[in-house]
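Both complexes below contain subunit A, partnered by subunit B and then by subunit C.
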Partner chain A sequence: MGALLEVTDLTVQYPTRFGLFTAIEGINLSLEPGQIHGLVGESGAGKSTIGAAIIGLIPSPGYVAQGDIKLLGQSLPELSQKAYHKLRGAKISMIFQDPQTSLNPLLTIEDQLVETIRQHSGHSYQEARDKAVALLIETGLENAQGRMSEYPHQFSGGMRQRVVIALALCTDPDLIIADEPTTALDVAIQAQILDLIRRLANDRGVGFLLITHDIGVIAEITDSVSVLRGGKLMEEGKTAQVLGHPRHDYTKALMAAVPRLEEKLDRFANILSDEPSLPTPELLWKVDGASDQFATDWLLAGERHTASDGPVLSVRDLDVTFYTDRQFSLGKGTAVRALQGISLDVQPGQVLGVIGESGSGKSTLAKAIVGLVRPSAGRIEFNGSELPLGRERARTHPSRRKIQMVFQDPYSSLNNRRKIEDIIGEPIRFFDLARDKGEQRRIVASVLDLVGMPQRAMLKFPHQFSGGQRQRIAIARALVARPEFLICDEPTSALDVSIQAQILNLLKDLQAQFGLSILFISHNLAVVRQMSDHVVVLKSGKLMESKNSDDFFAGPGDAYSRRLLAETPSLDLLLGA
Partner chain B sequence: MFSFILKRLVQSIFVMLAVSLLAFALFRFVGDPVAVMVGQETSIEDQERLREQLGLNDPVIAQYTRFLGNLVTGDFGFSYRTRQPIGQMILNRMPATVELGFVALLISLAVGIPAGIYTALHNDGVIANAILITTLIGISIPTFVIGIFLIYVFGVQLGWLPTFGRGDVVEIGWWKTNFLTLGGLRALILPAITLGVYQLTLTMRLVRSEMQDVMNTDFIKFAIARGIDYRTVHYKHALRNSMVPVITIIGLQFGGVIAFSIVTESVFQWPGMGLLFLDSIRFVDIPVMSVYLVLIALIFVIINLIVDILYFVIDPRVRLKAEAS
Partner chain C sequence: MLTWWRRVRIENELIYLFLRSPVTQVAAAIGLLSVLGALFAPLIAPTNPYDLASFDLLDSFLPPAWVEDGDPRFFIGTDDQGRDLLSSILYGARLSLLVGLSSVAFAAVLGTGLGLAAGYFGGRLDTIVMRIADVQLSLPAILTALLVDGVARGILPREQHDELLLVVLTVAIGLSLWVNFARTARASTFVERNKEYVQAAEIMGLHPLRIMAVAILPNILGPLMVIGTVDLAVAILLEATLSFLGVGVPPNQPSLGTLIRIGTEYIFSGEWWIVIFPSAALIVMIVSVNIMGDFFRAVLNPRLR
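So, the complex of A and B:
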């Protein structure tokens, strides 16, 4: 069979103020009909640029500097703008990452489907509508006929992604570029959507180019894969071969950084780093007397919770009820019970993993513990004494210092208008941990050192750092309050695999060094596996299971937990690595 | 939706009560009404009698209730200056202001929205930049300077258009309109442009920035990737999504146009409510001022209500959420 897509020596460049930036360089790949080819790499690897180049929508001012893209033997870069646009939808289509944002919120799905079908065919409205319904049924939307007149916001995330896929399919394209199609979805929905893509490839012979950062997704459904880094192709070949027996050092390192469900590692090993190893002025800049040793001593010098018997944190029968938006009605709005009768304990020096899909109440639990959300019933005990709930907990309450939090998104959890020195120094001043200015500076610099950042970072602003570096800063900020208890709410889900491995290593080190107790929240079972001593599973605000981590991953008792575990993409392929 | 409108109406009543209280305070406590009404030679006894007749010796609450009752029943009292009923005076002047504001709004929308779309889609184009700079100049110059400039160019130098007054009007019942005669329409042009220029710039820039935001969203990229016509993408998908915030601002601004047409009316001697208000200030005609205040508040409240209802029409998310609750 002739190749569906043939990309040779593709180079895309962007003119910038600092000269020409090469986003991708010398990329080769080919795809047969009915095949799924994965493009995997971390952020900045150029995966999405390849997709954009193929569909001819490279954001201005970027352009294809070199190379060729052939679709069914036709060279694409030679086409006029107009001819290219005719091709979109008809021959190539695309699926975007977030089904929340990829549908027009003001049009019904019927409008959007019928419009797309009629754009590319001479169908009458009724014919187009019939075809749309048939497609929705094919993509597994229940009651497709009845739901045609609904608006996107009336669908759940997984259903919306099915509509998106139906939209991409409705013009019978030969190639679909799927850019992180399951990243925004829960594990269970992800498994269904991946099934659907595999089925469409097999049944319809559509070729898929699947762009993702998730090795699990690659392992699950792709036939072949290209590993990218910094715009260059590192390695390509059959998926089983590339993942199972990687030849390139980068691929090997990447595989080592992927958290596994099957075994708990003490640390992630062998991570490639772009950090220069030679001492640069950046690294040589030091505050007098600051070092990671100083930070360790200072953090340990604070009064410690005398490791007594009994849990550090104990939650009993916690209920949280929210009321829906009341703007449009006269009453109180409908009650949503976000948490119902949650009881759990965190033992001193242990990590409790909290697992749950979106909407399960994981984050609400974290917020209730730190006092950002007011529970409607229940008790929270910290070191044996009861904590006031919600806003009743004074800002001066000792637990405000002892319980610290690391948030999911390091881009929005740091104030962009303040220097790192002020951001990390704030808890020191607020909790009155050090009066002397020089002392404060020394502590900030030392803690940065401790979390693996150059001390000079304290002079900069958050926007000058990458996501991983920001998360280190956020951890430093939590650490500097000398906490006994750390709540990490999805601390790595916004990060690349290798950065995630670094952050998880850091958290493990800190936890061991300072005997921290941690509540570790994640939807990613493999990450929880790597971090936790004990695991609880939440579903729709209820506690499904609470078990020792090793026992849990060896065989969860609860049916829901078993399903979650089964739906997590298997990395069996990697075990040989 | 019904309960939503009901709720908004209840809120509006509170707003109106607050404003009427303010208007009442203005009427009652800024200066002594009797001293303003009577001449110097009126005796103290006569003044006292007048005070008693007008009910100024009653408790404040009773006076406020009476004031409110009068307003609600359409009895706005008499002007100090002209001795005419205020309701009559305002009714005489209102058509002029409403027609002026309406045409100004029409100009600002008819020019502002297309210009906003054009500048959003041709970002960095020469024409787009020219439009942006020109309107920036327009918005930076005070309204009265623009008015005077227009009078100088089109009235004095070219002599094409009349520079003051309403020109020929046709009476339909009590409503005098400019729309039915050529002279009336000609008289409208300069003041309407003067009044609309600020709103035009605002509309254009708002449409532009909203449209640019929307053009960057995934659903627009997806629509383009599906090969939908660019024209459809721009006008059906993008424009409608840009309109929600635009309507809010335009609605509120329209209230402003009517309320603050004072400057324009004064420059063009346009016999509308603004000019009436200005004259009333000059003669400390407090009853007229307080009625004007209440009336403008009412216009704002009504426009706000209309804007809220428009949300329902445009955005299914609001519509369906309201239906669900």
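So, the complex of A and C:
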């Protein structure tokens, strides 16, 4: 059988005001029917641009500068707009990342499916409807007949993604481009959707082009894979071979950066330092007397609680209940119990990993500890003394300095309108930690040095930095308060794997150096595995399990934890060989 | 210096787009010209229309200089009292811009402050402020302005009222404009409030006032600037309307609205220039301010580009 898709020497360019920007360059790939080909790479690698080029929807003003795309022997760039449009519906379909936005919220799924089917075939309404039901059953939607007349918001995330896949199958396409189809979903649902994709490829002989940043997903279901970086093809081949025995340096570094479930490493080794290299004058710029050594000394000079007996933080029977807002009315609105009877301890100098899927209440736990959310019952003790809850905690309470937090989204956790110097300087100024302006400047520069940023960064604004660099700045801001306890709420989930490895390394180093106690929150089991000494699992606001990290990953006691662990995509299959 | 300019020209969004929008450039030039003309009116105006000794009733109703019977001393003619129209327009624009800018500033401070507090604290304060805003919004701007002016006339003695007329006018117009600022500031604050940098400041225990002023305010300035520019046009127009109705500036200090009112009385007796030139000046000024407002909006909202 001939190749389904043949891409040769594809180059896409965007004219910008800074000059011509080449998004992808000289890409080759081919796909057989029934195969799943993965495109993997970090942000900016050009994975989505390849998908858009194949389907002919490169956002203006971009264009295909060079190369050819052949679908079943038919060259696509040569087609007229009209012919392309027809082909797009009939032969190629697309599945997007967010099922929330790829369905029309105002139409029932019956309307959406039937309309699509009838657009591309001469079916009568009833025939089209029968086909739609059959497709929904094929994609594993329960009670498909009954749910046809429902609206997208009535479906859960995973079910919605099944509907999107059914929609993509409406026209019996030969090729489906799936752009991060499981990124917005929890692991359990991700596993189901991946199963479905694999099954469709086998049963229907549809070719899938699977675009993702997640190596675990690639390892789990693809037959072959292309590794991309900066718009160029790094390595290509059978998945087992590329991931198992990577030849290219970049693939090796990428594999090294993927956190493993099987064992806890002290550090990630051999990872890329791919922060864009700065011109030398930028690196030479120094504040007088500032160095990472100075930062270390300064941070260690802070007074420190040295009670070695008992936990740093201890939470007892914590309940958080949210009420819906009703102004000027008596009584409270409907209650949502976000946390129920949570008890946990963080030992000095240890890292407690908190695992939970979305909606499990893990962020609420962090907010309750720092006082942003008022618990309805329970106690929080810090260094043996009870912390006032919620608004009752005075603004001058000493724990305000001793507990610091690193947030998930580095794009919103830094104020875009302030210089880095002011952002990092704020805690120093507020907690009165420096004698004068000069010392404050020296501390800011030194701490930047400590987190691996050039000192000159302090003169710039957040938007001039990448996500990973911003997260380093956010960590610096938390550090200068000389905290004893650090809460990290999904600190790496917005970052690429190689950057994630860098940030995790940084956190490990800092933890070892300053003996910080950390509450590390994540949905990613592998990341928690790498960071934690002790693990707790949350589900729908309840504590499912609390266990020593090694024991937990060797064999979780709770059924839910076991399922969670089993469904996390892993590289075992490849690396066992 | 030149390379610096070249870099700024490309990297700065605002300048880059400005250099590619001839319409905005023309509007900005006219706006600048109006401001300069208003600012330096005493230096460039041929006569001082506020000085009773400087004009003569015998010169009244003279047509523009290029028309038959025109007088070269008065380039675009004179009004019913013999005042040079060109000078009147320059001084009038000065007054219009002064009232416009100060009432927008008044509205911006009041509205942004209330909107910021409502958005940040939420709850009851938010409900109260926004209900007041709703009531304010249901009153036509002219009515609010007339009301404030009427109350001021009732409270203040006559001489003092004339002295304070500009202040009264500013407050009257400002009061009818603050709602826009308050609503925009509140909506933007709601968005910013839940961002993590605000939470970071709250965890540290920073004072709410500092969080609002240092953290949130700079991040919501963009949309407020658009409102400010658009409202400047509205304020100038409101002032002209009030003056046209005779409740605005004192009659011996003609603003553009006063001149237009005087002009309308003579439009049918053939003295067209008295109404045409002040009206043209007002229209050009307002259109150019509006174009600049639209430009700001387009720059700040990439989806409109």
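Here is the rule we go by: the second predicted complex is superposed on the first by the 556 of 577 C-alpha atoms of A that agree within 3 Å, B and C clash if a C-alpha of one lies under 4 Å from a C-alpha of the other, contacts with A are read in each partner's own complex, and residues count from 1 in each chain.
Just so we're on the same page, a contact is a pair of C-beta atoms (placed from the backbone, for glycine too) under 8 Å apart; a residue touches a chain by one contact, two chains touch by 3 or more.
If you're wondering where the values come from, they're calculated on a predicted model, not measured in any experiment.
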{"item": "Partner chain in contact with A:N143 - subunit B first, subunit C second, else both or neither", "value": "neither"}
{"item": "Partner chain(s) touched by A:S358 [first = subunit B, second = subunit C, both, neither]", "value": "neither"}
{"item": "First (subunit B), second (subunit C), both or neither touched by A:Q74", "value": "neither"}
{"item": "Which superposed partner A:D409 touches (first subunit B, second subunit C, both, neither)", "value": "second"}
{"item": "Broader residue contact with subunit A after superposition on the shared chain, subunit B or subunit C", "value": "B"}
{"item": "Which of subunit B and subunit C A:G371 touches, first, second, both or neither", "value": "second"}
{"item": "Overlap of the subunit B and subunit C footprints on subunit A, listed as residue numbers", "value": "325, 327-328"}
{"item": "Parts of subunit A lying in touch with subunit C, wherever the complex brings them together", "value": "17-18, 325, 327-328, 370-372, 394-397, 400-401, 403-405, 407-409, 412-418, 426-427, 430-431, 477, 481"}
{"item": "Subunit A-touching residues of subunit B, taken from the complex the two chains share", "value": "1, 3-4, 6-7, 217-219, 221-230, 232, 236-237, 240-241, 314-318, 320-322, 325"}
{"item": "Touching residues on subunit A, where the partner in the complex is subunit B", "value": "55, 57, 85-90, 92-94, 96-98, 101-108, 115-116, 119-120, 151, 153-154, 164, 167-168, 171, 324-331, 333-334"}
{"item": "Residue numbers on subunit C that touch subunit A, as the complex places them", "value": "10, 16, 123-124, 127, 195-197, 199-207, 214-215, 218-219"}
